[in-house]
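Chain lettering (A, B, C, D, E and F) follows the sequence in which the chains are written, and residue indices restart at 1 in each chain.
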Amino acid sequence: MTTRPTEPEKLSELGHVKMTQDGPESQMVDVSRKESTDRVAVARAVVEFPAGLLGRLRAGQGPKGPMEETARTAGILAAKRTGELIPMCHPLGLDHVAIEFQDRGENALEVRCRSACHGRTGVEMEAMVGVSVAALTIYDMAKGLDKGIRIQRVELLEKSGGKSGHWRASSS
Amino acid sequence: MTTRPTEPEKLSELGHVKMTQDGPESQMVDVSRKESTDRVAVARAVVEFPAGLLGRLRAGQGPKGPMEETARTAGILAAKRTGELIPMCHPLGLDHVAIEFQDRGENALEVRCRSACHGRTGVEMEAMVGVSVAALTIYDMAKGLDKGIRIQRVELLEKSGGKSGHWRASSS
Amino acid sequence: MTTRPTEPEKLSELGHVKMTQDGPESQMVDVSRKESTDRVAVARAVVEFPAGLLGRLRAGQGPKGPMEETARTAGILAAKRTGELIPMCHPLGLDHVAIEFQDRGENALEVRCRSACHGRTGVEMEAMVGVSVAALTIYDMAKGLDKGIRIQRVELLEKSGGKSGHWRASSS
Amino acid sequence: MTTRPTEPEKLSELGHVKMTQDGPESQMVDVSRKESTDRVAVARAVVEFPAGLLGRLRAGQGPKGPMEETARTAGILAAKRTGELIPMCHPLGLDHVAIEFQDRGENALEVRCRSACHGRTGVEMEAMVGVSVAALTIYDMAKGLDKGIRIQRVELLEKSGGKSGHWRASSS
Amino acid sequence: MTTRPTEPEKLSELGHVKMTQDGPESQMVDVSRKESTDRVAVARAVVEFPAGLLGRLRAGQGPKGPMEETARTAGILAAKRTGELIPMCHPLGLDHVAIEFQDRGENALEVRCRSACHGRTGVEMEAMVGVSVAALTIYDMAKGLDKGIRIQRVELLEKSGGKSGHWRASSS
Amino acid sequence: MTTRPTEPEKLSELGHVKMTQDGPESQMVDVSRKESTDRVAVARAVVEFPAGLLGRLRAGQGPKGPMEETARTAGILAAKRTGELIPMCHPLGLDHVAIEFQDRGENALEVRCRSACHGRTGVEMEAMVGVSVAALTIYDMAKGLDKGIRIQRVELLEKSGGKSGHWRASSS
């Protein structure tokens, strides 16, 4: 290992410490030489409920109360802590996290999270963590009524910024 | 509010502070009077990959290296922090968290998490958070090759302990 | 230092390591020999607003939106992390945290937090941290309209459990 | 939701996900387009003690030992974690946090916290969290002698940087 | 995976999910069936300074000020968060953490940490994390004067409680 | 205290709050006026095992499984949280953390950590925390076989960036 900024694929060559196993190793990508640009990502998750449950929850009838403000707060807080949860993610100074909810028919609720920063690496994982924790919070607040809830389609919808530029999921 | 242990539904009656809004409010359930029992839960998530990607990742070809040990570690660490992430969850002294992976055909990987404690409330959310963060870590380590990965079927499979006893998902 | 449970005042006598300064040192109290009992505490904080501001906030006109559900969520999450914030506090498995709000005239909002656990030490700090972070969250959501907000009377109102038994503030 | 940087007030217009409730929602302000400037804030809290208690604490007679270094450390650590505690705050790379104490007569101790960063949003909440956690730590270290301690006047004294420029409390 | 408490060595047999790699996998030990007993551990670390530096630091001449109270606070806080840092450690409700310092000749400072809980697993890692973070804090506060400081002999000195009973290092 | 950026040594002069003790106080250095440069640091720790133990661990025979991927993940995650653990450290947006392992003869394992960022202060503590937590994780995974493991030579090997420029340990 040296103190010179290194391209990730050359890490082992430059390192003073050799790899001790024959196989590959997990690693955080070195972004020192990447350009700082405006980065934005949007992800979603869909919470599917047994028939009739979403209506009861909307009326605040779950044992833990109304869901959306609590789930939004939990998702925003978690998105800010992405670097603590996902091992190979870089810690980022986020400029924005927004979480919104929309019904998908009578028995499903879609969660979307938009994350943004000005930095050397993308904010996809922040958006993915944001929707996941918001959806898990909804699950938690509803599970006392029925455990047969399922979180589906946790996926990236769109990203912009960085060398690879704009990307949009075909399904979005 | 008083210092007597209270049933959750009576909280507002006993409280010295009245509710300031007409509607219901979110709340953490008071488990002071629940019995301490052995609690176990098993949850799963399924990571779906574009065709061929999982094979390449298995060979360690992702930019962040091999996935499973890193994802297991991330999932276990996150399960232990469930009470920090999910607002209305109680902090729990977990006795066990295990995370395992199994191929579901050529293009999907199933993650399962088992959580256990001896306490006054269940460990369902710990298992749900464990599989979610393990699956998100896999997504993170693979997304450099293809962003079209999707996390599906995040759901509880089984739980035991507590007043409601044993429960098993019809789909498990 | 030895592995025998020790009374806190005897720590230095028993220790293999002598104190290096003449003066006293901060310490976490050893509660190993205390009895596990039901512990409850109630604390409050009062947020004082410049004239008219509370009404505007109640109408959701702050730049960060409506306050109470967000502040309740933040306060509950922080109460659970008291042992991470307050150095000499013991980590506790809380059974309950509740936060409520009540108007105190036209220009003040009182926050109350009730915390409960079954353990060897009290939950006063959990209630104090809960009201503080809830009040700070309200400050944060309102400060874009007027910075002249002040948090007052952060204090314990009542506690029960443990050797010292029930205590109630004269001002509560 | 889109990946374009958005003014906060237009978020819902641009969003692909409609609001599901008639009322307003909490949100983190999008600071992507704000200018990075030097930001500084100073806040205070005043800890009021029952007569005579502060003198005893100053002599290190509390059950948890001397207070100031421990409270300073706790306050600095907490100020750095403001974005984890206050939901709608942005995570910030602080350049400086300082906490100082000054007697206010015989029975009160004033805590001040100065926070600074170079960034797109202010550091008021970091200073407010710093004084709050420092004051709560003092409360914790003193409460074994007397629970009738009260934290008062948690408020911002001064801020500089950003579009709104320099601001000073009339009471400072 | 099942919801029955399992002996760790039988986990893979019982599991519904097969291991996907030929080799062994990391795991958190299942302590559900272990007995709750009083657990205590004592660990140490020795900080070695270039000649003369410790004397200057004792006089408070480092750029970050006097060391011991700050290092004690940091070590106690970190010991309480051991389960967040060390992946396969169980989260524990500690009853006690104490950190003390003692000169070892003119150029070395020994740090000792004692941790205690009543639980199903030992507190060795809590004591090891406590001395490590206290020693790292001393390093941090001194490194502005000389970077040639070294932390040595981070090791367990003694433990008691649990099935394996009392253990004492030959070197202690 | 004022809102002007201050040189650390002048803090008390400028402060509105006087020091309340005669002695010096701990402080976070104000880096507001330091230049942002590329910062890199490399640190190491050496884990010494009783004879024969390292070979058994390499074969995955410890009760918690194979060590290196888990220890690397733990070390990287901890390095990112250095500002939460070490009180006077600044929170940093790291561009890179890498951890590698190399045998040192038959009974010792060297851990190295490289950390990098573009910022106003160095990343030495991030590298020191990274090797410490990676080494502690190895200790944790091995201690079930033998508690006589010792972490040695936790030290900085090299740093670059900032006003003091490049530095290399004589022992590296």
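Quick notes on this one:
Operating definition for what follows: a residue touches a chain if its C-beta (ideal position, glycine included) is under 8 Å from a C-beta of that chain, and two chains touch if they have at least 3 such contacts.
Fair warning: this is a prediction, and the values are worked out from it, not measured in the lab.
The interface at A-D recurs elsewhere; of B-F, A-F or E-F, the pair that shares more than half of its residue-numbered contact pairs is A-F.
Because subunit B and subunit E carry the same sequence, their contact can be compared by residue number, and under half of the numbers here are used by both.
Here C-D and B-C are compared, and the pair linked by more C-beta contacts is C-D. Inter-chain centre distance (subunit D to subunit E, centres taken as mean C-alpha positions): 31 Å. Rounded to whole angstrom units, the spacing between the C-alpha centres of subunit C and subunit E is 28.
Taken residue by residue, subunit B touches two or more other chains at 25-29, 66, 69-70, 73-74, 77, 87-88, 92-93, 159, whereas all remaining positions touch fewer. Contact between chains, using the touch rule, shows up for A-B, A-C, A-D, A-F, B-C, B-E, B-F, C-D, C-E, D-E, D-F, E-F. Residue ranges on subunit C touching subunit B, taken from their complex, read 38, 40-42, 68-69, 72-73, 76-77, 80-81, 92-98, 100-103, 110, 112, 114, 116, 118, 158-161, 166.
For subunit C in complex with subunit A, the touching residues are 66, 69-70, 73-74, 77. Only residues 8, 23-29, 60-61, 63-67, 69-70, 73-74, 77-78, 85-89, 124-125, 128-129, 132-133, 135-137, 139-141, 143-144, 147-156, 159, 167, 169-170 of subunit A touch subunit B when the two sit together in their complex. The part of subunit D that touches subunit A in the complex is made up of residues 1-6, 11-12, 15-21, 25-32, 83-84, 87-88, 90-93, 119-120.
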